[in-house]
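Should a chain be cited, it is by its letter among A, B, C, D, E and F, assigned in written order, with residues numbered from 1 in that chain.
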Amino acid sequence: MTEAECVECGGDVALSDDLETGEIIDCGTCGAELEVIDVNPPVLDRAPELEEDWGE
Amino acid sequence: MTNTLSAAVVGGSGFTGGELLRLLDTHPEFEIAQATSREYDKKTLGSVHPNLRHLDVRFSDPTDLESVDVLFAATPHGVSMQHIDTFQDAADTVVDLSADFRLNSEEQYDEWYDGHTCPEYLEKSEYALPEINRENLPGADLIASGGCNATATILGLKPLFDAGILEGDEQVVVDVKVGSSEGGASGGKASSHAERSGVVRPYAPTGHRHEAEIEQFLGLDVSFTVHAVDMVRGASATCHVFPDGPVSKGDMWGAYRESYEDEPFMRMVAGGGGVYRYPEPKAVAGTNFGEVGFEVDPSNKRLVVFSAIDNMMKGSAGQAVHAANVALGLEETAGLDFAGFHPIGAP
Amino acid sequence: MTNTLSAAVVGGSGFTGGELLRLLDTHPEFEIAQATSREYDKKTLGSVHPNLRHLDVRFSDPTDLESVDVLFAATPHGVSMQHIDTFQDAADTVVDLSADFRLNSEEQYDEWYDGHTCPEYLEKSEYALPEINRENLPGADLIASGGCNATATILGLKPLFDAGILEGDEQVVVDVKVGSSEGGASGGKASSHAERSGVVRPYAPTGHRHEAEIEQFLGLDVSFTVHAVDMVRGASATCHVFPDGPVSKGDMWGAYRESYEDEPFMRMVAGGGGVYRYPEPKAVAGTNFGEVGFEVDPSNKRLVVFSAIDNMMKGSAGQAVHAANVALGLEETAGLDFAGFHPIGAP
Amino acid sequence: MTNTLSAAVVGGSGFTGGELLRLLDTHPEFEIAQATSREYDKKTLGSVHPNLRHLDVRFSDPTDLESVDVLFAATPHGVSMQHIDTFQDAADTVVDLSADFRLNSEEQYDEWYDGHTCPEYLEKSEYALPEINRENLPGADLIASGGCNATATILGLKPLFDAGILEGDEQVVVDVKVGSSEGGASGGKASSHAERSGVVRPYAPTGHRHEAEIEQFLGLDVSFTVHAVDMVRGASATCHVFPDGPVSKGDMWGAYRESYEDEPFMRMVAGGGGVYRYPEPKAVAGTNFGEVGFEVDPSNKRLVVFSAIDNMMKGSAGQAVHAANVALGLEETAGLDFAGFHPIGAP
Amino acid sequence: MTNTLSAAVVGGSGFTGGELLRLLDTHPEFEIAQATSREYDKKTLGSVHPNLRHLDVRFSDPTDLESVDVLFAATPHGVSMQHIDTFQDAADTVVDLSADFRLNSEEQYDEWYDGHTCPEYLEKSEYALPEINRENLPGADLIASGGCNATATILGLKPLFDAGILEGDEQVVVDVKVGSSEGGASGGKASSHAERSGVVRPYAPTGHRHEAEIEQFLGLDVSFTVHAVDMVRGASATCHVFPDGPVSKGDMWGAYRESYEDEPFMRMVAGGGGVYRYPEPKAVAGTNFGEVGFEVDPSNKRLVVFSAIDNMMKGSAGQAVHAANVALGLEETAGLDFAGFHPIGAP
Amino acid sequence: MTEAECVECGGDVALSDDLETGEIIDCGTCGAELEVIDVNPPVLDRAPELEEDWGE
């Protein structure tokens, strides 16, 4: 288990060992969806948001 | 009646499309000629809208439009801009309920939406809300029905501009609460009954697209936040307004009476006794009425303005029919005279 | 219009009284002459009923009745029997919404209520529900509007009697679910929002007084239980019926179509597709419609009959106006053509 | 604690799976080892269940099961029968919340479901409800948690059988009202907030599969009808019972006290004063309690039995944990002592 | 346990009194010695609070107070100031849930309430909210539990002050939405189910008394407006904040993590995915948790801060028990570890 | 426009001229979903029902 810092809130995100590039995980502190950009060392970025259409 | 007008509803299986059909059904001057749905093609209107079971009409495909006097489009944002030529071929008067023709310029669509594919129509389209655009509606070919949250906000604030209490550079916070029908008939997980019941859920904390409409009509940059609450119909806007100088309750009454006293669909509710002292969405549920009210908070130099509408009516289908009435020279209130229920639950 | 009829509502500040006033307001033949309330005497109707704010009418005291064409009494049980002579003096046609004149005999009032003070009127009063008593309404002086739960049940079961499927000695369980407006405007602790929200609460497990009406009209002793559920308007009756012999779904359709195909306010909803497959109170909210539907359960030799009404409309104020229309020779559906909303929450 | 037991939840992203995780989290003897979800694989439990945000656990794929002491399966009908061998490999004790192992014989699955793929397990599986099967649970390898509507019904009627008031050939109508969580997390159009709010909707008029469980345990053919009402949690069963001879209220109290006086999760509520006089789902919301109550209707020779549970607790996850406690020799009430809220709305 | 503390609840039949009793019942260190009610004197607790039916305790008269370790007073404003000497005689530690001892000075009571009858107590009373006053609670004799709307607001804004983002002279609009339990058990017409269901009702447009508490603790004059919405439990505050300089989302996270990362009852929810992206009252229903979240609106130089609590818990009874835990040196979270339900309707 | 009788309720169902075999329409009286089995003359049958799973 390694850790990375969440780009949104700065919280620690525990990463499992079988992490793969492109995977989406969420930060346990802020819930942000993070994309694994690189695995060694692990780099996370904010995942592109799925916009919810609420009808306007 | 000899002068009956024929009407089509594109997107007739949706929520606002259903409301349009309901209104057209009992409107003294309109006759339903067509209602489209791809998903429910050939099914009866009543199979989707249980209140229309008495109608012997079936949905048809939107690619097969009949020639009518008025075409109402109640489709998601982006659909009408694709089909506007076809719509205009089918009908002299097109009333669109989406955001596609509400804003004046391509730039606004670039900023707030994903651009526009036929900006040449923007100039000729007229905003539907008669309270702010009545004079330009008669004879209009293309009418853009307003956004529900924008409508609630504009109706609440406009008298303050008319009366010179606001000029456009003041700070205004608009805190909106809306029902689930605002999301339309096709919902995801967040709109399931189990997840959506009982919420006070911030769904658009910042950057809501209706800010664009508000700015366009009031010249005001609002701080806008929208919450989902547990009702199906209704939009309620609380505007916290910080005017430059002191404003009395008398000034407020003067402003609102001046703007709305003769408006057939506006009610002023500001204080008084009983249970219903300020605007409430459930007091206007199912109606084309807008309620506005206010209070003065001298300790904070603040005005609080409340505004309540039914998002499916004054906020979309009712506004669209109201505008069509004005555009075609019919009685303004034709088909829209229902004044609401008491008591009523969470409509 | 020259032939406008004047109408008074005694008990105009209550829930059904408010509905009567709403209906009379937009009825083509009636004009509101008076609405009484002791508590709100001299206040505007709108101070109690926010949907009537446009009316320039004030409540007056019930001891001061004007002479009118039709008087509607929407007072608690026991009040009309005290004042019936005064009511009949004030109006040729009296429509009472309470239980005071629904039953035929003093004995029934002794058994189910606390007796009766003017039993001589029982003989001449006519039950309002046109679906079972249309022929006796024209010209009636005293009309007794049915109980809401009784109305739902009678409408559900009557076709089975007409068609000979039931004869009166069968076992029938009626399980009813109702909204909070059934309790009227004056509520106690159990009807506060915090206690009453979200309930499925047995409020009349046995011995409900509406059994008397049902027995009187259908000749059937029902096993009757009523539950409060979380809605304001609506009564839904599920009748579990055990007929003597086998009955097919075709037999059922035959029976219900025979009874209701020409009824202007009855809808049959029994299976089919989509979301609304059986009667639902929210599909008739605000309307004078009754929905009935059914299913056959061969494994239990059971018929399940569903019936849904708005207790404030078909179950009281709407039924009263409907009956008045018939009694006075007006168009049956006058003032009652509203067909409902979709979508709608918990009305 | 040295004797902590590890637990896995297959289907942890669903509604009952979420309840299981909540219960296991605060259970004194269990530790969450795994929660599966295909859709939310690698996401935190809190991303789906906001009440579990404090847990530092992520969903994993169900094909990758860890070895645990107890495996709870909260998957749709049909999934557990496919994977039962894998489940039993992973854990000595498997508790399944679906219908897959509730019935005794392949024939029943042929009649009520779409057959069964591993009928050899049916014989060894034990029904979870301790009130009717406590003695067979200790040491059980495979436990089948009951259906929520069946549970409510069985709990309501069982004392009448124990006391000899019912024998199995009587007529019993069961009219059930349920909340939206019964449908699980993945809903269609009918379960959207706008369509599902405020309903009293007959969703299973006849032929509900839970009849099979009821018959299996009570030997009684019930006339069963289920309605959706406007709440998220809760199942309420009203049983209209026609016994052969006269039964007094004292007999009823005797029967229910005999059966339930020592049951840790059963409450008797039958009459009395105040607002809560009979069983109500909102009085047991969030708890593992079942409330039962009754009334005698001499005029119809009828007993009315009311029963209320939280479908997510006593009707599924709570029952499952209760059964696991018994099976593993733990304190019966461990992790299940929450007794409910007052006031509470529509939970 | 030898060190069990005895507790009394004055006002035990009310809403917050009932919550206190529920919490004390399962609290590892407390034992209920007394619960008072004048109206329900000698009745069981369960006759009012159905979730306390298992307790063999009866209400007693408040004039007859027993000697206890801690006395909780859950009475309407004004009652505790009358009886504070008696309360202090009965218990070394008094925790009052009303507004009577929240403010620091007689002048504030003159301005916001109707004065104060024993201002000498104001100096020694401690505000209960541990997040802002933990250090002063140990050993306190008189603890004043905060107002629910004030609590929600203070929790939302405090980190901005701690981090120096706000200093007290900025403009802040607080728009609050609350459930019906905030009004207590004794309601009038406006709180009947029929009138209160489905509302978005401005009930305190300006001049809400909780402004006084907020000003006292944050040194900030807020523009405060409260709306009633359709839930029983819950208070949700949306704070629209206009800081002097630019603030990034990173700054915000820094501020909130700094203030709340180690707080046992605070959750940060600000964006992220799934259904629950911001604070929601239903996510904390029944719990002592407070959720806070935020968003930055650069176009308006605005911060939007959301805060959600259960008014009956973090907003009153839970806060009171939390403070008592701290005051008496118990485990802070003792008796308060319930973390909430999912799914849940309108609690 | 021709008409056919609904197999469920016996009501008349108006049929459009461009009716095709296999089409599903609903009866205006009872709402039953009907499949067009044949077009000339028109024959309707009850369409196979889409069972809604309400979770049990």
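Everything that follows uses one rule, which is that a contact is a pair of C-beta atoms (placed from the backbone, for glycine too) under 8 Å apart; a residue touches a chain by one contact, two chains touch by 3 or more.
Computed from a predicted model, the values in this text were never measured in an experiment.
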| item | value |
| --- | --- |
| Shortest chain-hopping distance from chain E out to chain F | 2 |
| Interface with more contacting C-beta pairs, comparing C-D to D-E | C-D |
| Contact-pair overlap exceeding half with A-D, pair selected from C-F, A-E or B-F | B-F |
| Most widely separated chain from chain E, with each centre as the mean of CA atoms | F |
| Computed distance of Cα centres, chain F from chain C, in Å | 35 |
| Distance from chain F to chain D - Cα centre to Cα centre, in angstrom | 39 |
| Centre-to-centre distance between chain C and chain A (centres being mean Cα positions), rounded to whole Å | 59 |
| Shared-contact residues (touching 2 or more other chains) in chain C | 15, 180-181, 185, 189, 194, 197-198, 230-232, 269, 272-275, 277, 280, 343-347 |
| Per-residue overlap in chain F, given as positions that touch at least 2 other chains | 26, 31 |
| Contact footprint of chain E on chain C as seen in their complex | 15, 180-181, 183, 185, 187, 189, 191-194, 196-198, 230, 232, 345-346 |
| Touching residues on chain C, where the partner in the complex is chain B | 15, 18-19, 22, 25-26, 47-54, 179-181, 185, 231-233, 267, 269, 272-276, 280, 283, 285-287, 337-347 |
| Chain E partner contacts - residues on chain A that touch it in the complex | 8-11, 26-27, 29-33, 50 |
| Complex contacts: residues of chain D adjacent to chain C | 171, 173, 175, 177, 189-190, 194-195, 197-202, 205-207, 221-223, 225, 227, 229-231, 234, 236, 238, 240, 242, 275, 277-282, 293, 295-297, 299-300, 302, 304, 306, 308, 343-347 |
| In the complex with chain A, residue positions of chain E that touch it | 249-250, 253-254, 257, 268-274, 277 |
